[in-house]
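Below, chain A partners chain B and then partners chain C, in two separate complexes.
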Partner chain A sequence: MADIISEYEDMLPPKIIEGIRNNIPKGISDTKLKKIMEAVHLEYKNARVTPGEAVGLIAAESIGEPGTQMTLNTFHFAGVAEMNVTLGLPRIIEILDGRKELDNPMMEIYLKKPYASGKNINDLKNLALQIKETKLRDIATEFTINIADFTIDVKLDREKMKALELTNGKVIDAISKQIKGHNIKDNKESLTLKARSKEDTFNDAYKTKEKIKAVTIKGIKGVSQVLPVKREDEFIIITAGSNLADVLQLEEVDAYRTTTNNIFEIEQVLGIEAARQAIINEIFKVIESQGLNVDVRHIMLVADTMCVSGTLKGITRYGVVSEKSSVLARASFETPIKHIINAALVGEVDNLNSVVENVMVNQPVPIGTGLPSLTVKPAKEKEK
Partner chain B sequence: MKKQKFKVDKHILTPKHIKLGEREKAQLLEKYHVTSKELPKILKTDASIKDMDVKIGDIIKIMRKSETAGESAFYRAVSDV
Partner chain C sequence: MAEVYLNSKFLGSVENPIEFVQKMREERRKGAITENLNVFYNERANEIQIESSKGRARRPLIVVKDGVPLLTERHLKQLEKNEISWSDLAKQGIIEYLDAAEEENAVVAFFESDLTPEHTHLEITPLAMLGYCTSLVPYGNFNQSTRLNAGSKNQKQALGFYASNFAVRMDMDVNLIQYPQLPVVNTIMHEISDYGKHPAGQNIVVAIMSYKGYNMEDAIILNRGSIERGLGRSTYFRPAVAEELRYAGGLIDEICIPDKDVKGYKTEKDYRFLEDDGIIYPEAKVREGDVVIGKTSPPRFLSSMEEYSLAASTRRESSVNLKHGEEGIVDFILLTENEEGNKLIQVRMRDERLPELGDKFTSRHGQKGVVGLIVPQSDMPFSASGIIPDLIFSPHGIPSRMTIAHLIEMIAGKVGALAGRYINGTTFDAEPEERLRKELLSLGFRESGAETMYNGQTGEQYRAKIFVGNMYYLKLKHMVANKIHSRARGPIQLLTRQPTEGRAKEGGLRLGEMEKDTFVAHGASLLLKERFDSDRTVVPVCESCGVIAIKDNYRNKSYCPVCGENVEIHDIEISYAFKLMLDEFKSLGIYPKLQLESKY
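Presenting the complex of A and B:
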């Protein structure tokens, strides 16, 4: 029995095979099973997209139409505590444009066993605080420049430092690692920075003063807020600000489930295939949260298009559109004059192989029945 | 905080990447009537194949987990741009 099913393993997707395996009655005869398999295979073949079908157009319509309903309830922020989340159309546009800087970058950090169960809330809180970025300006009360010798005094807030388990030594370490060429003196309540080079001017001192304000003393760079929340049975940490590469290095973090909403970061850290999956997940999440219904296959097609070239490309004139080989197709999207002038300058040739350019010159488009054409295959010379 | 080693291929978002052998590669190109240049690309420096021994022109088989098909195979050719 199993043989008959496994014969079709190359012809049918695993999900369908599994469905058949789970649903056939026990003790079915081989002939009947064979009939079932044949019928399923025929149905499957009929359900596939026919060659020449304009799948991109259908995907565009299928995402675009629900998108018009989304526009009305746009720019709403669903508050998870005081954290902002971009939802609705702005988020979809953000993903499809392949933007590097998001309005609200976020991470969902999953945790390993003792932390995930949330039995010890204090541990969880501490961990969250360790992840949150502390800059020097958060623990200092005053930055002053001593005009006489161009040194910078940083007055420290002892109470805040105590809460974060910081000592002067740790602060000095962090500063000296990120700002080079300065001697730092520890005066207990404050720190004094003095440049090693003697040609330091007031201007340099001022620049350094501004720079050290943003020095990361503790935590992960870019994470501005942390929020432990309970999701289903476990506690996770949601952050505002994203830095996947650094978070995955932490021992307490379940690195294999932790994700970010910044697709570019995912591409950098996990590769292009992970980025594709992330695009699908993120778009689907938005559409679902708006109560709309779009088949994932359309979203998959868009995600695939954004990822074919090996790097992430947005659906913009700088992204996937710039990859098109036809001048007219590129010109029909945005900034037509720029494209046509450039093409004229370098003598580009348009072979009219695709859809838009054929629409422009009033010819049948290579879609559906317009796709097949006759070609002559020259006979090979007979080998003697 | 202590650090841990992170393996890209174990992450839930990353599907399995398998390098095709020469024979499998030839069979694949024959089956779809394509050259490896016409396949979708993956950078040689891509995080998921960084540790693999690949050269430009190799084909990587990617076993994607698909919501609609269960699992589907996808092919990318290693490229440098």
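Presenting the complex of A and C:
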């Protein structure tokens, strides 16, 4: 029995084979099983996309047409608090362009056992506060420059520091780690920074004053807001601002499920395959939220195109389109002059292998019925 | 302390703004300061805005003091007797004009019965808040506001009796309805605006039912009998203008029947309507291509060579003729002179337009639709009393649009037609619906307005009662005759050799980028090629240098401009647009080399 099924292992996807294994009745006769396998194989073959099908264009149409029904520029507030999420068309454009900087980067941090259950709400809150980035400007009340000796005075807010469990020593440590070349004096209520080099001018002092305001004292860089939320029956932390690499370092975090909406970051941290899946998930989320119905496979194709090269490429003239081999196809997308002049400079050859070029010269496009051609091997005359 | 601004310019400040504003208004009502002034106290910003600039929209209201309007019965009687006028009331401060800003400070009562001591003003009539066109919608307060907007917009597009001296006017591109009527259900605005002098529609019998699905999606069905009796019949006037222009060198256009040796002479047949003066005669039936005004112009360029040659005297043909798809009857001809003293000929052609499939009609409630079917009178449904509707309107047009006034107008129109009187349907001040229904009952009809109807083709009684009534319908200026267009072969553009664009140029309908995509998505590769074959060209290409060669049909020889005659030259089929692009590359100094390869 196993033989008959394993015979088809190269011809059918593993999921289908497994499905058959789990569902056939025990003690089925070999002839019956063979018949089943043949029927499944035939169905599978018929379900495949036929050669020459314009899958890309159909995907484009299938995503583009419902896109016209999307409410333009909708911004929703996701549930509680003032957490902003880009949804709708702007978000789709953001994903497809492969942007590195998002309008509203967000993370969903899943937690390990004791935290996820939410039994100890205070622990959860503390963890959230640990993740949230605290900058020096958040705990300082005043930054002043002493004009006489170019030192910088930072007045600290004791109460805020207490709430965040910060001591002067921790603050000094954090500053000295991120701003080099300064001596820091602890005056209890304030800190005084003095440059080690004697040639410092007022201008330099001013620059460091601005710089230290943004020094991260506590938490994870880039995470500007945290929000513990109950999702189904566990607690997760939603953040505004994203820093996947650093969050995954935390012990309390479930690294398997924690995710961000910044696809570029996913590619950097988890690799291109994860990025591909993230694109699919994110686009599908938007389309679903708009109440539209698009087959995932169209989105998968788009995600594949963005990721085939091994790095994340947006569907822009700098990304996927720049990879096209045909000059005419590239020129017909955006900035035609740039492409034609560059092609002329190096003497590029366009083999007219794809659709757009052939439409331009009015030849049958190599797709659908225009794809198959006849190959004839002419007999050599000498052999006659 | 409040700041005071006059026409947005800072003037100064006052201690007590409320008192100041009140005083200003009192002085204005007294006539001590101009009544063209409006004062607005912005409490939030604590500033007073005084406006006297032009271009503010203002509207009149009756002034109210301590809950009592200043306008009394005495004034009304005086008005009736013509002892005083509207402007007297305004001068006395009984009526005043408020702009949008001052209205913010006013408390305006809708009706006199609503007045309380807080009110500062009273509406003269609630109708005053509507514009002219919107006031013409009967029972407008029963409609959704968007429908009221649409209804008044539609009325502006209705064909009507636009000027009583139309017969001697040389209006260009106008329509005139032939049997216009006053609406049976009217509003006070019809009276005020003398609507009877420029009516725009007709009172017809409307049934709300479906008829074989030909009134789906807002279509309407017309009774052919009604059309034959003059429903929706209109005349379209089309102009033709010619001027004897003067050119440099004392040359001048000449209006005449062109000589046969004139450059661009059409055919004798085209000039057949012209009389000796080169102008067409009235009542001539003209069709496309026919010349209406014959004209010749002097040759365009007089080079030194041509001045002496014989051909130089050849004049150009520049007659005015009917364009593609146009036809009509010459109606009126005017010979005159323009400001420059040039001879000017204007010819007006008329074209009778009977309602046809696709013409647009509307009621006054934004219920527009196009004609979907014209049914012979014998096939139309008829009521028990033998009434045959002129128009069948789809019931699906009612629920989502909620034009209740449309239904009330039908009942009101029915009552009006049966009782032989006009019904006042003024918005907010109309004859009440209940009274109409009662009257309808007393006239021997069902209170609901529904009637038993019979299938016109089989004579069977319809199971449902059909709602029938009389309405005022308008024919809109969008008629198929002005829009119908098709093309198989036709003119092409000079530059790209692609079909021209637009109906006037007998153009094609573009198969655009997205339409192209649908062909690709179907994999219909060869069909796509065929569609785009409109600018297909065959060009010779030199095999060695890949540049378009020259084919000399006279010597039956091909040669390459670069490589000469002793090279392989092959004909290829490409789109002319592509050839054009290659040429443009060349002009940019880019060498587009074609590498030929056998397709097979």
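Basically, the second predicted complex is superposed on the first by the 351 of 384 C-alpha atoms of A that agree within 3 Å, B and C clash if a C-alpha of one lies under 4 Å from a C-alpha of the other, contacts with A are read in each partner's own complex, and residues count from 1 in each chain.
FYI, contacts are C-beta pairs under 8 Å (C-beta built on N, C-alpha and C of every residue); 3 or more make two chains touch, one makes a residue touch a chain.
Since we're looking at a predicted model, the values are computed, not measured.
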item	value
Simultaneous placement of chain C and chain B on chain A, clash or fit	fit
Angle at the Cα centre of chain A, taken between the Cα centres of chain B and chain C once the superposition is applied, in steps of 10 degrees	130
Partner chain in contact with A:Ala344 - chain B first, chain C second, else both or neither	second
Which superposed partner A:Ile58 touches (first chain B, second chain C, both, neither)	second
First (chain B), second (chain C), both or neither touched by A:Val359	second
Dominant toucher of chain A (residue count), chain B or chain C	B
Touching partner for A:Arg257 - first (chain B), second (chain C), both, neither	first
Closest approach of chain C to chain B (Cα atoms, Å)	22
Chain C-contacting residues of chain A that also contact chain B	none
Sites on chain C touched by chain A in the complex	516-518, 520-526, 528-529, 532-533, 535-536, 573-575, 577-578, 581, 585, 590-591, 595, 600
Contacting residues of chain A [partner chain B, same complex]	13-18, 130, 248-253, 255-257, 259, 266-274, 277-278, 296-297, 300, 304, 307-311
In the complex with chain C, residue positions of chain A that touch it	52-54, 57-58, 60-61, 340-341, 344, 349, 355, 359-371, 374
Contacting residues of chain B [partner chain A, same complex]	1-4, 6, 8, 10-15, 17, 40-43, 46-49, 62, 64, 66-72, 74, 76, 79, 81
